[in-house]
Amino acid sequence: MKCRVLYFAALRDHANTDAESVDTLASDARGLYAQLRARHGFGMDESRLRVAVNGEFAGWNHALRDGDEVAFIPPVSGG
Amino acid sequence: MKCRVLYFAALRDHANTDAESVDTLASDARGLYAQLRARHGFGMDESRLRVAVNGEFAGWNHALRDGDEVAFIPPVSGG
Amino acid sequence: MAMTSFSLSETVIDAAALTRELAQAGAGACVTFEGWVRDHNDGRAVLRLGYQAYASLAQSEGERILAEARDKFAILDVRCVHRVGLLEIGEPAVWVGVSAAHRGAAFDACRYIIDEVKSRVPIWKNEHYADGESGWLHP
Amino acid sequence: MAMTSFSLSETVIDAAALTRELAQAGAGACVTFEGWVRDHNDGRAVLRLGYQAYASLAQSEGERILAEARDKFAILDVRCVHRVGLLEIGEPAVWVGVSAAHRGAAFDACRYIIDEVKSRVPIWKNEHYADGESGWLHP
């Protein structure tokens, strides 16, 4: 299946893109991040990130479906 | 001796003036307020007031001198 | 600066201009408090307010409070303006602004200042009620 | 109203206009917080900042925080605006304003909102340093 992945801040710099379409066999967000971490060499451990699926925060075990929009949220620093 | 007495808020309404010159034999602020309370019929007990002499907060036992400016400060309600 | 941080005003408080006075390159936080004239108090409809001050003592006590805030909290600058005279519903009666490197000190100092101003500065509120009465508040 | 209380802005925040939106006849207190771009952080000189947001999630999470504040505190109205894009030193990066009948709730709600916004809303700060480097802050 295909997911749309959004990147922000340090992950965006690292991936060198703000979004990409990803073919994945991962069943959940955790598996997808592991796949992308291997591809892009992200230094940030899963424990520092949050996940959002289709614009809502979700758990790492969130089951992915074809066409989902997934974002991995680095620690925020607004304000 | 003579003191200048300033009135504010409810005391001003009661005395019907914002200030007056007072001949007094009182040795301290407590005595002066007792004298003025008798004259004007102020309902407010000394325990609810603070005293200022010459523009600074002072104690009720503050010894008065000729020419002092004395104010009896009702509970404040700014803000 | 310490001598002009507190003031009484007979005219409308210009919050934007006051906020600009607090600006410093090292300031990361600015907290302001405005006290507005409410249309009711203790269940009575209020039409407008009059504030009376013992001006010279209000000035010195106000400055004393701001100096205390500078001592107690890690703040960079501070202003407080209190209105005197007649005010309509909704007008700002008092304005407090604090700038600081970090927000905790700015919040704490702003809260400290308005609490102390309300309890210590010789200013009195005269409420004019819808039923035609008026009265000084002496809490 | 609840759907437009939080917003992201690419242009300068107009604090005076936002404050006017909070006005209500029953409001006696208004507390505001502004976060300003500081000229230093962790000992490094900062020239300017860039803010990046996950806009749709920032919007919904910001609104959620304001709804929580309305539930937790006796407040009348609330607004929060966060800048995105490039900001110069001294510019307001975020503005929070709360009106309430009484000041305690206004202070508590304003503090709650900025604390939650800083910890939960997906917005990131990129600091541009005097030495030519820049870096995303991921505390």
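Here the chain labels run A, B, C and D in written order, and each chain numbers its own residues starting at 1.
Here, a residue touches a chain if its C-beta (ideal position, glycine included) is under 8 Å from a C-beta of that chain, and two chains touch if they have at least 3 such contacts.
This structure is a prediction, so every number in the text was calculated from the model and none was measured.
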Steps in the shortest chain-to-chain touch route ending at chain C and beginning at chain A: 2
Furthest chain, CA centroid comparison against chain C: A
Separation of chain B from chain D, taking each centre as the mean of its C-alpha atoms, in whole Å: 49
Chain A and chain D: spacing of chain centres that average the CA atoms, whole Å: 26
Separation of mean Cα positions, chain D and chain C [Å, integer]: 23
Set of chain B residues in contact with two or more other chains: none
Where chain C touches two or more other chains at once, by residue number: 35, 114
Full enumeration of touching chain pairs: A-D, B-C, C-D
Chain D-touching residues of chain A, taken from the complex the two chains share: 6, 8-10, 12-13, 44, 48, 52, 55-57, 71, 73-79
Parts of chain D lying in touch with chain C, wherever the complex brings them together: 15-16, 19, 23, 25-40, 89-90, 99, 101, 103, 106-107, 110-111, 114
Interface residues, chain C side, partner chain B - complex: 35, 51-54, 56-58, 60-61, 82, 93-94, 114, 117-126, 136-139
